[in-house]
Amino acid sequence: MAWTWFHQLGSPRWFYEKSTAWLPWLISIALILLAVGSIWGLGFAPADAKQGNSYRIIYIHVPAAFLALAGYYIMAISGAIGMIWRMKVSFVVLRAAAPIGAILTFVSLFTGAVWGKPTWGTWWVWDARITSMLILFFLYLGVMALQNAFESEDAANKASAILALVGTVNIPIIYKSVDWWYTLHQPATIKFTEASTIDPSMKYPLLIMVIGFYVLYATALILKTRTEILQKERKAKWVKDLALAS
Amino acid sequence: MTTVNTQQSKGVVQDVSFWAGFLATFQRDITLAYRNQGELFNPLIFFLIVITMVPLGITPDPKMLAVLAPGMIWVVALLATLLSLDGLFRSDFEDGTLEQIMLSPNPLYLTVLAKVVVHWLVTGLPLTLLAPVLGVMLSLPAEGYGALLLSLFLGTATLSLIGSIGAALTVGLRKGGLLLSLIVMPLYAPVLIFGASSVSSAIEGIGISSQVAVLGAFLAFGLMLAPFATAGALRVGVNG
Amino acid sequence: MQFQFDNLSEFFNMAGHGPYVWVCYLVTFIAIGYLLIAPIRTQKKLLKSYKRQEQVAQSENSDAPASVTEAKQSW
Amino acid sequence: MGLKLELHNLQCERDDRILFSGLNAVFSAGEVIQIEGPNGSGKTTLLRVLTTLSSDYSGDILFNEQPFSQAKFEFLSNLLFLGHAPGVKKSLTPLENLLWYQRAAGVVSKENLMNALAAVGLAGYEDVACFQLSAGQQRRVALARLYFDPSPLWILDEPFTAIDKKGVAALEALIEKRALAGGIVILTTHQDMAFEGLRKIDLRDYRTQTTMAYEAAQ
Amino acid sequence: MGLKLELHNLQCERDDRILFSGLNAVFSAGEVIQIEGPNGSGKTTLLRVLTTLSSDYSGDILFNEQPFSQAKFEFLSNLLFLGHAPGVKKSLTPLENLLWYQRAAGVVSKENLMNALAAVGLAGYEDVACFQLSAGQQRRVALARLYFDPSPLWILDEPFTAIDKKGVAALEALIEKRALAGGIVILTTHQDMAFEGLRKIDLRDYRTQTTMAYEAAQ
Amino acid sequence: MTTVNTQQSKGVVQDVSFWAGFLATFQRDITLAYRNQGELFNPLIFFLIVITMVPLGITPDPKMLAVLAPGMIWVVALLATLLSLDGLFRSDFEDGTLEQIMLSPNPLYLTVLAKVVVHWLVTGLPLTLLAPVLGVMLSLPAEGYGALLLSLFLGTATLSLIGSIGAALTVGLRKGGLLLSLIVMPLYAPVLIFGASSVSSAIEGIGISSQVAVLGAFLAFGLMLAPFATAGALRVGVNG
C-alpha cells in the first residue's frame, strides 16, 4: 500500500533504521564518483582553448551550483509536507537541508569568485547568475537564522517552513528579475555566457561530478537528518536502547 | 451598575459582519498612528537624513548624483519601510493584544490586512509623497518624477505586504529587528529592480509600461497571498 | 584519454592557474568532509551521552525517589 | 443545553518535563473553576491550551461535545480570555481600548463602555492615555471588558494581579454572577477565593507517577 | 546609631493632580512599613521618590539626618529596591542574573547565590534561561536577591505579585527578619500582611479634594 | 537556609573597587551577546545585504561601483551601527535592569562605558573586519583597503560612543527607534565625512594622516565626554 509506505516514512524510527542500511552504500558511491570525477577533471580532461586550466574549476563549481538550487526546493518541499501532513520526519529534513544547501551555495560562490580572478581579472562582478546565487545564499541564511532564533523547536520548524515556502514562490521571480535587470544594464566590456562551447571530452567528468554531488547531497542530508532525529527523539525508548547497545 | 445581558449565551458573534475585524483594527491602528505622531514621521526623517548622507559620503557632484538618484531613493525607501516594519506586530505581541486578535472569531487575515494597510498609509504613502523632494536634492532629471511617484506608490505597498510576513515570523523573538532584514530583503529584490529601473527608463525616455505592469502584478499577487502567509506565521509566532 | 601534464610540478602549477584551481578544490573538499564527518561525529557523541545518562538514570532509579529537591525548598 | 468543556487525559510538557498528565475534567454551565498550584506548576500553560493559543498538548478537549479543532470558531465566539499581558494599548485611552473590542465584536455601545469603566473605578479616566495610569488601573482597563462582553466562557489568568481589595471583591461578585447566568469561569489566582460552589483543580494532583507512562507510550 | 529616613511635608503630583500632600513620617531601624491605598493612589510614585529614581516632589527627605541630595551615595549604598519590573534578563540564567548583582557590589560568592536560589524554590533551575520560567518563577529570581544582599534598607513595590502562598509566607518571614536585624523595609501590597509591629501608612489620609473624585467613582 | 550577614549594616558598598560596576556589566553584556548570537550577526548581515541591494538598485557597472564604494561602505556601516544602537539601553529599561543600574552606588558613567565597549566589540569591530569583503564586491581599488580598515576601526568606536547618548535620550520613549536616527545622524556627519574621505584619498594616492588624526581626535574626545553625557541622559530618561 502506497499510504503505509508514506506513513512509515514519516516515522523517525523507521527512517533511522532503514537509513542505517543505505548509508555505507551511499557514502562509498559518493566518494568514488567524486574521486573519479575530480581526478579525471583535474588531470585527464584537456585544457580549455580560451581559459586554459582554470576552467577545471567547473567540475566543482557547476555541480555545487546545481545542488544549491535543487537543495532549496528539497527544503521547501519537505517544509510543505510537514505543514500539510504533519509528518515528523519532513521537518527534520527541513532542518537538515538548510545548512547543507547554504554550504553548497557558499562553495559555488567561492569557486566562482576564485574562477573569476584569472578569467575576468576580478573576484566579483554583478552578473545575473552570480547575483541570483548571492540572493539564494541570503535566503538560506534567513531560514537558518530563523530556525535558530526560536526557542521552541516546533515553532522553529513551522516558521522556517513558511519562510522556505514564501522563498520558493519568490525564487523564480527573483531569477527572472535579476536576469532582466542584468540584460538592461549589461556593460559592453565583459561577456560571460559562452559556456556552451564545452568539448564532449570535458563533459564526461562533469557529468560524473554532477551525479557524485547529487549522491553526496543525499548522503549528507540523511546523515544530518539522523542526528536531528537522535536529538529530537532522545526520550524515546528505541533511542535509549540504541544508545545502550552502542 | 452593569448592563450586560448574558442571555444570548451561545454563538454570540456568529452574525457579525465579515469585515468587522478589519474595520475595528483599521480604526484603532489609525488612531494609534495619529497618537504616536513621532512614529509617523520617523521613517520620513530617516529617508531624508540618509539621502542627505549620500552626498556627504559619496560625492557632491550633481551629474554623478543624478545617475545615482533613482536607485538611491529606491534603496533608502526600501530600508525605511523595512525598519518601520519591526513594530508592525511587535507592540501588539508584547501588550497581549495579539493574543486577543487571535482569539477573536474574526478572520485573522483580514485583521492582518487592516494592519498592513495602515502601515502603508503611514509609511509607504508619505515616503512616496516625499520622494520628489529628495529627487530634487539628488538632481534627479525632470523626466523621472512621474515614474518615481508611480513606482514608489505601487512598490511600497508591495513592500509592506511582503514585509508583514517577516514581521509575523519574528514577532515572538527577542529583538527580531535585524533578523527581519535578513529574512525580508532577499524577497524585496524584484520590487527594487523593477522600481528603480522604471525611474531610470523614464529618464532615458524609454517607456515604463512594462515595469509598471510588473509592479502592479507584484502588488496584486501580494494582496492575495501575503495576508494568508502572515496569518499563518502569526499563529506560529504566538504559539512558539 | 591521457594525463594532460608533463610532470607533477606542472600539474600543480597548471600554467599559472594552479593556485586558483587548487584552492577551489581544497575548499570544496573541506566542505564535503565537513558535511559527511560532522554529523557522524555528533551522532556518536549523542549516543555516548545518552548511554551515560541512561546508565546514571538506571542506577539512580533503584535507590532514590524522584523528588529529592522538594525536601530542600523552604518555599 | 448549556456550555460544556471536557478534558480527556490532558497532558502538557515543557522542555521534556511533564507538567501534568492524566487530567480529566468536565466543566459545565454554572461552574467557577480555580486552577491551583505553586509557581511553575503549569497553570498558565494549561489556560493557554484551553484557549487554543497553544496546541502543545496531548489528550483530547471537547467543546459542547465536539472535538476542539472542529469547534474552534464556535468556541472562540463564546470565549473571553485575559492573560498575564492585559491586551491594553498604552498610548490609547481606556475608552479607545475598549471600543476596539466592541467594534471587532460588531456591537458598539458607548453607554455600556462608560458604565463598565465606571464599574472598575475609572470614571474620570476615560480619556487619559493608559500609560498615565498606575499598574492596577491599567489592569482595570482590561477587566472592564468583563462588564460588557457577553461571552459566557471566561478564562482568566491571575485577574486579581495589582488590584486592590475593593476591586477584588467586586470582581469576585462579577465572576459569580456570570457563572449563575449560565457561564463557565476558569481562573488562576494565588489569593484566597471564598465563594460558594467554587471548584478547585490542583495541578499537583496530576504531576507525579507519569513520566514512566509517557516513556513507555513512545 | 541606626538607619533613619524622614519625610517632611512630602507632596507629589501627576499631571496637575495632587496624589498626596502633607506626608510627614520618620522611618527608623527595625520597622516594616506598608504603604496602603487603592489603585492609582500614588504608592508607586511615592516609592520611586524614596529611591531617588524620581525627583518630582516637593517637601524634604532626610536620610540619616542629611538632606537627600547630599546623602545620595551613602543612601544608595544602603538600598535594595525591587520595582514592578523585576530587573531580570530573560536570556540569562537565574545564576547569571544574580551574579551580576554580586559582581557590581564587589562580593562574589557562588555558594550564597545557590543557597538563595534554593531558598526561593529555584534549585534545579539555576542554569535554565529565565524566559523558560513561569511568571512567578521569574519574580522569584529577583526576590532571591533578598537572601544575599546585605543592604539594610529595602523598598519593595508589590513583592508578592505572582507568588504563591508558601512563597508569600517565606517572604514575610524574611522581611521581618531583616527589620529585626536593624533594617527598614518599606513595601506596598494589596494582600493582607499580618505580622507584629507592621506599620501602615494609608495614602488616603493624605489625599486632597481631587484625589477623592476617584474614590467617589468607585 | 539563608546565609546572610546583615551585621555590616551601613555603607556596605563604599569599599568596592571603582571598576566593579564596569567589570560586572562588561561580563554580563558579553554573556548576553553570546547568548543572543543572532543579534551578534545581525548587523553584519544587514551590512552585507544592503551592499547587495546597491548594485541592484543603481548599476552593476564595476567602474561606477568603484567610485561609490568608499562612501557606500561607510554609509552602510554607519546605518548598521545606528540600527543596532536602539537596543543598547532599551531592553535594560524594559526589564527594570536600568533602574537597578541607576540605584547601584557604582559610578554610572563607567557602567555606561562598559555597555558601549561591548556594543562596539559586538558590532563595530566585526563590521570593520567584514568591510574588505564588501570592498571586493564593490570593486574597491586595492589602495583603499588599509584606509578602509583603519578609518572604520576608529570611526565605528566613535559612532558607538556618540550613539549611546542618543540611545539614552530615547530610552523611555515608546518606539524611539527612528527618533534615535534623527538625533544621532547629524552628529555622525563629521565622522562619515572624514571616514569616507580618508578612503577616497588613499585610493587617489594622497596621504590620509590628517583624516586619521581627526578620527583619532574624535574618538579620544568621545571617550572622555560621551559616557558622562549618556549617564546624564539616562537619568532624565528613567525619571521621565
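The first chain written gets the first letter, and so on, giving A, B, C, D, E and F; residue counts start at 1 in each chain.
Heads up, the rule we're going with is that a contact is a pair of C-beta atoms (placed from the backbone, for glycine too) under 8 Å apart; a residue touches a chain by one contact, two chains touch by 3 or more.
Keep in mind the model is a prediction, meaning the values are calculated, not measured.
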item: Same or different contact residues where chain F meets its copy chain B, judged by the half mark; value: same
item: Farthest chain relative to chain A (centres taken as mean CA coordinates); value: E
item: Chain pair showing more contacts of the two, A-F and A-C; value: A-C
item: Chain separated most widely from chain F, comparing mean CA positions; value: D
item: Whole-Å separation of chain centres (CA-atom averages), chain B against chain E; value: 44
item: Approximate Å spacing (C-alpha centroids) for the pair chain A, chain C; value: 19
item: Averaged-CA centre spacing for the pair chain F and chain B, given as whole angstrom; value: 28
item: Residue list for chain A, restricted to those that touch at least two other chains; value: 135, 138, 141, 145, 149, 151-152, 154, 178, 181
item: Interface hub residues of chain F, defined as touching at least two other chains; value: 1, 36, 38, 45, 49, 52, 56, 59, 91, 174
item: Chain E: positions in contact with at least two other chains; value: 84, 90-91, 118-119, 121, 129, 131-132, 140, 166-167
item: Footprint of chain A on chain C - complex, ascending; value: 1-5, 11, 14-18, 20-21, 23-25, 27-28, 31-32, 34-36, 39-40, 42-43, 46-48, 50-51, 54-55
item: Residue numbers on chain F that touch chain A, as the complex places them; value: 37-38, 41, 45, 48-49, 52, 55-56, 59-62, 65, 136-137, 139
item: Parts of chain F lying in touch with chain B, wherever the complex brings them together; value: 36, 38-39, 42-43, 45-46, 49-50, 52-54, 56-59, 64, 67-68, 70-72, 74-75, 78-79, 83-84, 86-87, 91, 173-175, 177-179, 181-182, 185-186, 188-189, 192-193, 196
item: Contact footprint of chain C on chain A as seen in their complex; value: 27, 34, 38, 42-47, 52-54, 56-57, 60-61, 64, 100, 103-104, 106-107, 110-111, 114-115, 117-118, 201, 216, 219-220, 223-224, 226-227, 230-231, 234, 239-240, 242-244, 246
item: Chain B residues touching chain D - in the complex, by the definition given at the top; value: 1-17, 20-21, 23-25, 27-28, 31-32, 35-36, 91, 94-97, 99-100, 102-106, 238-239
